[in-house]
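Across the two complexes that follow, chain A remains constant while its partner is chain B and subsequently chain C.
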Partner chain A sequence: MQEYILRRLLQAIPTLFGITIIVYAIMLLVPGDPVSLLAFDPKIRQDERERLARQLGVSDPFYIQYLRWLIGDDWMMVDSNLDGELDAWGDNYGILRGDFGTSFKFRGSNPLELIGERLGATIELNTFVLLLGTSGGLMIGVLAAVYRGRMFDRATRMFAVLGISIPTFWLGFMLIILFGIVLPRFLEGYGVGSGRPILPMGGRCPPVRGGCPPIYERLHYLILPVSASALGGIAGWSRFMRATMLDTINSDFMRTAFAKGLPARSVWYRHGFRNAIAPLTVFLGPAILGLIGGSVIIERIFTWPGVGLLLYDALLSRDHPVIMASVVIGSVLAIGGLILSDILHAIFDPRIRY
Partner chain B sequence: MKAKSRNIRALAPENREEYEFTPSLTMWQRALKRISRDRPTLGAIVTLLILAAFSILAPVISDALQIDPNTQDLRNNYAELFAIGHPLGTDELGRDHLSRLLYGGQISLGIAFAAAFLSLGIGVAVGAFAGFYGGIADDSIIWFVTTLTSIPSLFLLILISALLSPRPTTLVIILSILGWTGTTRLVRSEAYAIREQEFVIAARALGASNLRIMFLHIVPNMFSLLIVDLSFSLGSLILTESALSFLGFGIRAPTPTWGNMLNGGLDYARRAPHLVFLPGLLITLTVFCFFLLGDGLRDAFDPKIAD
Partner chain C sequence: MKRVFVLAAVLLLWIVLPLSAQDADEAPGPGLGGIVITSSTAGDPATFNPLIGGDTASSDVYSWLYPSIIGVSPFTGLEEPNLAGAMAAGWEYDESGTVLTIHLRQDIAWNDGTPITSTDYLWAVEATRSGQIDSPRAGIFETMADGTPAGGNIVNIEAPDDYTVVVTFNKADCISFSDVNDVTPVPAHVFSALYGDDFAAMMDEPRRIPTVSFGAFKDVEFAAGERISLLADQDYPDAMLGFVSPSENVTLQVADENVATERFIGGEFSILGVPATRQEDFRSDPDLKEFPRFEFTGNGFTFFGMNHANPDNPQPGLDEDGNVIPQEPHPVLGDVLVRQAISHAVDMDALIEGIRDGNGFKVATHTIPTSWVYNPELQYEYNPELAMEKLTQAGWLDHDDNPDTARICQDCLFAREVDAEFNGSELTLDLHVPAGSEIGEQMGLFFQAEMNKVGFNAIFEAIDWGSAFLPELTGQTFDMNMLGWSLGLPVDPDISPFYYPDVDVPGSGFNFVSYYNAELIELNDQARVVPGCDTEARAELYARVQEILFNDMPYFFMYVSESMTAVLPGTKNWNPTPFSRTYSTDAWVSPAVTQP
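This part shows the complex of A and B:
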């Protein structure tokens, strides 16, 4: 098992390597070179332009630029006083050593620190989404399989397709309108409440100094974003669960369990359910991947101060170091999710060869 | 299965009179028969055809009702539903909402269809190549696919879109360049299995070239899978396009798409909720129908399900 985990971690290295190449290539493919972006002055002289290009390191060939971004340039000589001669060691440590440069927008901030401040919020939100999505989905899926072909099953199948069809941002916005405007006004008409929003319409906690209070004091802030984000998950998991449960039903051990007279409830939930979960661990990785990507959307609607919102703001202000750092860290998290899902699968399903 | 049992029954002397030769159904005939009984799928097909017809006929309908998607009328903005001259009201600039929804459908559906077919093409070509040749080609393609899919797709998409500010054609290319990986995985594993079958060996014995075997013998054998895949990818492309537009990195105004209309409407939701509600409803309805259709097609083509 340990060997399997180690090998799986080693396999992630070429993937991560590929990701840095792809991300860096995209950064370079952007039309408009950084020199003209930084120096808008059309009267800038040609030799000054070249100097600036050398200073930024954009006149080097692709692989040198990529290497400098990846592992830094303190191993090579650079032209520090811009007189055209290599005279000093570089002072850039490269992303492998945690140096993503400095943020353009938040002057002098390390992008990794900016992400670190917001990572907790993203993980907090997505943990609840994942918990609600899997537990809700598994429950509905099992019931649908048990009552196969009946009214509940057919309704569930429609709900499951509908759940993955609704755009998250639209659902989130409809929830905000419902709980922020429509419902309070309706209740006020009947003399209940003051017409103020029933649930907080965004944010992670009340705007107070000194950060957010512990999570149990602000659970109501989680209700709307988690519901909006988890609907797709509930729908998706219920589809998978129903399918694997129906596969399990036809196995010999289920027939044996019924034949030896075990009560149906115990056959379904102790024999069937447990065996049907194993194949589902495969979907955990892609689900985590999807949640990380989707966090941009959900955090934007509910102004949840996480990595997604940071990336969104960085894109609007063209804060390249922060953009790159967010995408790379997001991918690292996603790969972590995929590995976790593979390991769980190996634990739950002893037929998997290590 | 059914045809066989009928034949055996026919051999019994007492049934000989009843015997009538019924040729067994081909895959397509059986699928068609199953779909014709499957009401949700039929409903989805009809709805999609209606939506497509409305989008294609957008200019005709707009002319007939004397409405235009881009004419502004600031004295008559935020018109309610069923206002005179504007059946679905007007937006913040007084542009006719119905007409914008129709033209928006044209662009949203058009982008989804173009991107779905383009990424299907890339996916089939790369997947068939990887599955057929195996070895290093296969390993490197799979490494690339794994790498690309390990980056949260929306991160990559908004990164590229934010930097390029795409027009519809550019967006189609971006969506397909990022969207072919699923099809490739599917086609690759199928091709891997099919290439060992007898008819492929027979074709090779007859002197068929590798390209001919790949695209005339192996790929046609997965048409049913590809149609199902296409249906699901159409649905998810519409969702992706709308998500991009919602974040403001999709097609820019004034060109209407359902996504950017929805995004534009968010700022005026208190004043004119229908500007948010209707585009979202159309997106949901379209995606819902594509996913239902995909489910229905998968069941219809599934040889394991008995009639």
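This part shows the complex of A and C:
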């Protein structure tokens, strides 16, 4: 196993380089440039825009820009005072030496710091979404398999279709209106409550000074975004779980367990569930590492301050250093997630050997 | 009778006194007016330092923390002396119009007690001019500190004493006055202690929290992607009521306009710029009518830029020696008759009523209704017959007597002047709007339908702003692209940023329509050097400027937004004007919900 992991890690190195070259090339090939976007202001003169382009290094050819990003520019002469003359050694070290550069949009800010200051919010939201999605989905899936063909099974099938089909942005928006405006006003009409929102309509923390309280004091901020985001997960996991559970039901060992006279509950949940869950672990690795990836739609609708919106904005504003930092992090996580999947699969399924 | 009179007087007093008391007690006291919560779609601020900031999100924060040198009145939209939050007590020009002396107020101080003086402004000027920092404002100076040309009109700024600033301009120029305001004064005693002469060090800590400020609010607390909170500064001497009423001023990031609207209706925000699509709801919906609202004409306009030059061969407006380069005309829009035909083909009243719910003020030049040069008589005439007549006159003929098919060129301008083989070509144009705006897309479709009725083959498409719209706009490879300009304050009718040949630069210039009219430039140049910048004299010149723009049509000027701002029911001391809806924030009492 150790040898396998080492081999996979070594294979990951050229993969990572390949990804960065391809993404960097695509980023520069896409029409539009960061200077036009940052300086789209008639008051900014032409020579100032040219100066900004030199400062950001975006007027250099692709290979120079990529090399500077990768290995820095302390090996080459640069135009330090932006007068058009190469007059000093560069002072960037490149990502291979841990220097991710500075954001184009948030000048002077390190891309890793920008991502880092939003990572907590993303992990927090996605953890709850994953927990609710998997636990809810697995539970519903098992019960649907146990009560196959009955009302509960049919209801969950309909729920799954709805859960997968309803667009997250629409659901989120409806939840905001329902719990923020419609229900409070309805209740107020009957003398209950003050007409104020029942649940926060957005945000992660109370909108007042004092930082963010501990999570147990603001769980109500999670209810709407987690519900909107987890619905698709619950639906998806429940269908997977039902299918694998039904596969397991027809296995010999299940028949044997029933024939031995074991209680049905024990057969279903101790023997059936444990074996049915093994194939799902393939998805669990990427899902756990996906906790770090943001969700643009949910973050946008619920004003959740995660990395999704940061990266979306970076793409729109052609903030190359932030985009590339996220690509590197994303690639490392994706590769790590796949390796973790393999490991988990081996743990849950004793037939797997590497 | 006497008793009745006394009784009536007592009764009257009983009724009136509480009312008077209520009027005087519009804010309960310092910091007792609740929390002002606003939403912003501008994203996180890049910096809290006004010397290196250029983005809207940053200026939204530091405008609360630092004074301006010259204030702009929320009532007139013009620069005036002795305004709250500004340093200038008065100013005068010398006879040549090139030396501006600004006298500063002597009654204001930073919140650590240090008087605000000319030194604070000069430190900011020196840093901006040093070339060591990324400042979008360095272009106001003629040269940088090392003598490198910077292209602006300000030759020098000095301070003969603590309360006088003298600005020397290269030439008298009415629009240079507002350049003085581009540099924001900072507390020199704090900044020089932090950075000394190493101005570049400011770039290393863009989000350093200001410790000393001047404004109704202070003490930034920043949560990335989430909120910016400022606390009331009860030491602020310019507070409208003598104290700052709200305890806190919070800006929450809300990326989605629809979500912001619903959260406002739910009571989570104090104030909302109501989107055009919801304005009618706020006027007529019984639940929303109760929200106090203010409707005003905006200070920007929306237009379709009409490319005058051949998009297949974009050329700069000037050669290396500064001579005007004659542009090869656009195959269709190069002819003024075609541009005028479009102005007659599109029913702007129907567009404003049908698509914008009436929330738009039709314009036909570059000025807005609140401007001192606005001429209401200049209006495009909707007349499809006249449009077709002009197309025929321009050599675009209806070859099959069917207005639904595209006309073809028969001795049109391009065939006459550039390429005779162009004869027989269809009257085809691409109409592009930035994707993402439902209203924008509807307006594009409307233009397409209206133009096609008179014989165009207009092809509408909504395209991505960053990767498609902007590259073709600045690259000058478009036909007709829709855009809007926000004019800022004070609004000046100067046209140099948009229609001069030196800003006709494929790839980045803002005269992306490649428009050139020597008379227009001559008139604008004259208007900029009118002695004393007398508005009446300038208005006369700009009357002709507007006529030229109206006839030449570099843009199809469409409308100025009729905007609406609403606040929560129960808000007190909200005194909006067309020029500012928030200048009285320090007096507000806001009932925004902070915790469900």
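Following the convention adopted for this analysis, the second predicted complex is superposed on the first by the 260 of 354 C-alpha atoms of A that agree within 3 Å, B and C clash if a C-alpha of one lies under 4 Å from a C-alpha of the other, contacts with A are read in each partner's own complex, and residues count from 1 in each chain.
The definition used in the following text is that a contact is a pair of C-beta atoms (placed from the backbone, for glycine too) under 8 Å apart; a residue touches a chain by one contact, two chains touch by 3 or more.
All values derive from a computational prediction rather than experimental measurement.
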(request) Based on the superposed arrangement, let me know which partner A:347 touches: chain B (first), chain C (second), both, or neither? (result) neither
(message) On the A-aligned overlay, A:118 touches which partner chain: chain B = first, chain C = second, or both, or neither?
(response) second
(request) Name the contact category of A:305: first (chain B only), second (chain C only), both, or neither. (result) second
(request) Tell me which partner A:47 touches in the superposition: chain B (first), chain C (second), both or neither. (result) second
(request) Identify the partner contact of A:197: answer first if only chain B is touched, second if only chain C is, both if each is, neither if none is. (result) second
(message) Quick check for you: in the superposed arrangement, does A:177 touch first (chain B), second (chain C), both or neither?
(response) both
(message) Counting residues of chain A touched by each partner, does chain B or chain C come out ahead?
(response) C
(request) Find the residues of chain A that appear in the contact set with chain B and again in the contact set with chain C. (result) 30-31, 173, 177, 181, 300, 316
(request) Note which residues of chain A are touching chain C in the complex, please. (result) 30-33, 35-37, 39-50, 52, 55, 81, 83, 105-109, 114, 117-118, 121, 173, 176-177, 180-181, 184-185, 195-209, 211-212, 220, 299-303, 305-306, 309-310, 313, 316-318
(message) Help me check something: in the complex, which residues belonging to chain A touch chain B?
(response) 14-15, 18-19, 22-23, 26, 30-31, 157-158, 161-162, 164-170, 173-174, 177, 181, 289-290, 292-294, 296-297, 300, 311-312, 315-316, 323, 326-327, 330-331, 334-335, 338
(request) Quick one: which bits of chain C touch chain A in the complex? Just the residue numbers, please. (result) 35, 37, 43-44, 46-47, 52, 54-55, 131, 134, 136, 138-139, 148, 151, 203-207, 221, 223-227, 229, 231, 248, 250, 252-256, 258-259, 262-263, 265-268, 287, 465-468, 470-471, 474, 485, 497-498, 502-503, 505, 508-510, 593-596
(message) Under the definition above, what is the set of chain B residues touching chain A in their complex?
(response) 40, 143-144, 146-156, 158-160, 162-164, 235, 239, 242-243, 246-247, 249, 262, 266, 269-270, 273, 276-277, 280, 283-284, 287-288, 291-292, 295
